[in-house]
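See the structures that follow.
Look at the two complexes coming up: chain A is in both, with chain B in one and chain C in the other.
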Partner chain A sequence: MDPNKVIICRCSDVTLQDLHDLFKEGYETFDEVKRIARVGMGPCQANTCGKIVRKEIARYFNRPIEDVEFHRMRPFTMGVKLSAIKEAAEDEEES
Partner chain B sequence: MQKSEVVVVGAGPAGLTAAHELLKAGAEVTLIDRNASLGGQLIKQTHKFFGSEKQYAAHRGIDILERLTENLIPYERFHLLSETTVVGFYHDKVLTCLKDDRYFKLQADSVIFATGASEHSIPFENNDLPGVYAAGAVQTLMNEYGIKPGQRVLMVGSGNIGLIVSYQLMQAGVDVAAVLEASERIGGYLVHASKLRRLGVEIRTNMSIKSAIGEAHVEAAEAWRLDEDWQGIEGSEERYDVDTICIAVGLSPLTELLEQAGAEVEYISELGGNVPVLKDYETTIEGVYACGDLANIEEASSAMVEGRIAGIRAAQALDYTVENAEMRLKALDDELVDLRSGPPGDNVRRGLKKMEGLT
Partner chain C sequence: MKKKAKYVIIGGGISGTSIAYHLADAGENDIVLLESGYLASGATGRCGAGVRQQWGTESNCRMAKMSIDFFEKAEEILEYDGDVEFKQEGYLIVNSNDEEAALSEKNVRLQRSLGIPAEMLTAEEAKEKIPHLNTDIVHSATFCGTDGHLNPFLMTDAFYKAAKKRGVTFYTYTHVEDIVTENGAIKAVKTDKGTIECEYVINAAGGHAQKIGEMVDVDIPVFSQNREILVTEPIEKIQGPMVISFSKNIYCQQTPHGSFIMGRGDDRDAGYSVHSTWKFLDEMAKTAAGLLPPIGELRVIRQWGGLYNMSPDRQPIISGCDVNGFYMACGFSGHGFMMGPVTGKLMSEMLLGLEPSMPLEELALERFEGQDLEAYETNVV
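Up next, the complex of A and B:
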């Protein structure tokens, strides 16, 4: 199987090869990979790629999957326009 | 800030029944769902359910959802926010929501999460080629919108979803080339597998997909045999001429909102991966509950029962009187035991034992 042709993260176009290259460079946790490659930061918020990345970390570093920490989840679950937050804050001030 | 005594997130089988129990007890309930139509996955489930009469066996998912929704309408204290996405959840039980482009906050005393699960994808060559679908997407296209995804499909995964969607594809006049199963055993119920076999569809165990082939769209698929470590064996490739590849390899609970607020999650593979740590359906945040596929990946029948239990528990915690509560909770627990009996329930039973050990 050619790892260059295997897409792990569709949102940010990260391949299996990209992931292995990052592992080789020393990035070992989900959060590290996320910050460098943006895996899990797109519209899917790791709901599609998360499980695969976790499995790949487990396989590559030979760790049990339950020991591979998932990424830290923060609001929001999807993109929210700053203007919408501003409007909500203004409405709250008025009332 | 807007307030609602109880907020139920997700209007699938678990959310609908949880909301019903809370309304019956007298609570104010705001039910939020990101879709326009309620019912979650029930809307795609055109097949008849198994189980006992209590879980609407012999009825189709799409009909069950109508009955569950009708249950809620008469209550004055019922508010529905459809086409609304909960985008954030905080430990003080504030939810931030997005409807159209309007952003607003909602303060609740109690929150029930019934957000369900997301489908797994798997790594294989050219897995981003048009024509590669998740099984849920195929069901939405066919059963909700009446659109055929293709002419000839290779199904990857023989759990209940893979088997049922294969059958529904055949019913829609789409050819199913084969069903691949990575493990040595068919994952789903034998009844579903037998129906497919009678139609001449082969279910091939210890096999998975190696690559999708095609330029602009899937033109073929290559499958290969797996060794004991689930690694593909070079030289064992077989080609299937298909225009569609359908992935049905399991689901993961959607814990993201709970995790944002700091609710504990634990990896229990038998329950679907990261699941919220629960005691009597309550998370590690007091007054915050989880039920349905979010709690453990199972059938809609179990989700409906879990929703009722979570709803009753939440109502009691808010000091509402639930009629015959003890008797009803016992009966609902018995229903779950029934639904999880036998070999198909092995996994869930093992997973729930592990969960008990945590709390």
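Up next, the complex of A and C:
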């Protein structure tokens, strides 16, 4: 399969070839790749690409996948509107 | 790991990488940079990505202007193969009342006297810049069109690559454990990967700068504080300038990528935690939806925290001290990213004994020895 046509991160449109290019340049961890290519920074927050990127790092550098660290898990697990947060906060203040 | 180097820089954020680049570009070729995580993993990569010149002290204005001048040509100067996403669409600083407007007028006069093209705007003029601004709660504003946005990760990457090309050695995921001195002078830096003998240590450790100071018994009068921030899903472009308000406690801008980044500060204890809180989220949502109503319809996808390294007068400390060979660039009080270029330039001039590009008295560690500080920066969110 042509690595230029394999999409790894749908949010930020990153291909397998993009990943390999970054590995070659010396970016070897999920956090490093994330900062340059934006993998895991989109609306899915790495819920889609996270495992694939870690697997590719493990494969490329011949490391056990459990040693490939993931980024820090932070809120949110899915997007929430600011207006909904505001309304909930105001409801709580009133009650 | 190398056993010896002339300079050891501690911290791989914008300050450390810029210092490394400027020293190497001036011809120094024996430089090591140590970073405990990945590059820009501290405050640089957690910041709001804004770069502005609208400050209330002369030193901050000068530093910010010199840095913006650099950012305008950064890709060319550093021969960067990427795009640092520099966008100059201005900062709109909103005033809420007469008192704030009077201070803004004073600040704009200072900024203009230093060549910064800032101006006062009425609420109506502000609305022309930001059509979705809720002018019911806006008194007036100031605007500077050459302020803007810059990608912190990629700007750091650009300094890193340029420094590496000039011979600087980088060790990431390397923890500094101690600094050895002898007869009041720097001797070596101990890390978890080995010890490096050196003549100079440059402390660019951001939120952890005071801990590095303690290693050589230098009491740096700074403390760190968690400041939170959030990002929304990306949408089509609706906002050019960054909007900030000191009294409403908000900064909010749309990045070139389309997402909105916003943050605010609150009173909390000094510390090193960078955790996320519900309180921030509630207050941020109320403030953003109040000042910029349509933004309320955007979905938040992530929130995070980072450390402000606060100095007593909210101006940085770029200085040597009484330990021979120990230098520091810290205490940026939330604005180290935007002052990165000039930090590197001033530090390299200081180390090489060159004529400084701007007066350094207001940035020296000694300024805190007396009780009365000459200048105090109020323009901090």
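Rule of thumb we're sticking to: the second predicted complex is superposed on the first by the 94 of 95 C-alpha atoms of A that agree within 3 Å, B and C clash if a C-alpha of one lies under 4 Å from a C-alpha of the other, contacts with A are read in each partner's own complex, and residues count from 1 in each chain.
Everything below uses one rule, namely that contacts are C-beta pairs under 8 Å (C-beta built on N, C-alpha and C of every residue); 3 or more make two chains touch, one makes a residue touch a chain.
What you see is a predicted model, and the numbers here were worked out from it, not measured in a lab.
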Fit or clash for chain B plus chain C once both are placed on chain A? fit
Would you sort A:T29 into first (chain B), second (chain C), both or neither based on which partner it touches? second
Tell me which partner A:P43 touches in the superposition: chain B (first), chain C (second), both or neither. second
After the superposition on chain A, what is the angle at the C-alpha centre of chain A formed with the C-alpha centres of chain B and chain C, rounded to the nearest 10 degrees? 150
Winner by number of chain A residues touched, once chain B and chain C are compared: B
Determine, under the contact definition given at the top, whether A:I85 touches first (chain B), second (chain C), both, or neither. both
Considering only touches as defined above, state whether A:R74 meets chain B (first), chain C (second), both or neither. both
Kindly classify A:I8 by the partners it touches after superposition: chain B alone (first), chain C alone (second), both, or neither? first
Just to confirm the value: shortest Cα separation between chain B and chain C in the superposed three-chain model, in whole Å. 9
Once the two structures are superposed, pull the chain A residues common to the chain B and chain C interfaces. 45, 74-76, 80-81, 85, 88, 92
Sort out for me which residues of chain A touch chain B in the complex. 1-2, 5-8, 10, 16, 45, 47-52, 56, 65-66, 70, 73-78, 80-81, 84-85, 87-88, 91-92
Applying the document's contact rule, which stretches of chain C touch chain A when the two form their complex? 37-41, 45, 82, 153-154, 157, 232-234, 257, 276, 281-286, 288-289, 295-304
Quick one: in the complex, what on chain A touches chain C? 29, 31-32, 35-36, 38, 41-43, 45, 72, 74-76, 79-83, 85-86, 88-90, 92
So, in the complex, the side of chain B touching chain A is made of residues 1, 85-90, 96, 98, 101-105, 118-128, 210-211, 232, 252, 254-257, 259-260, 265, 267, 269, 273-274
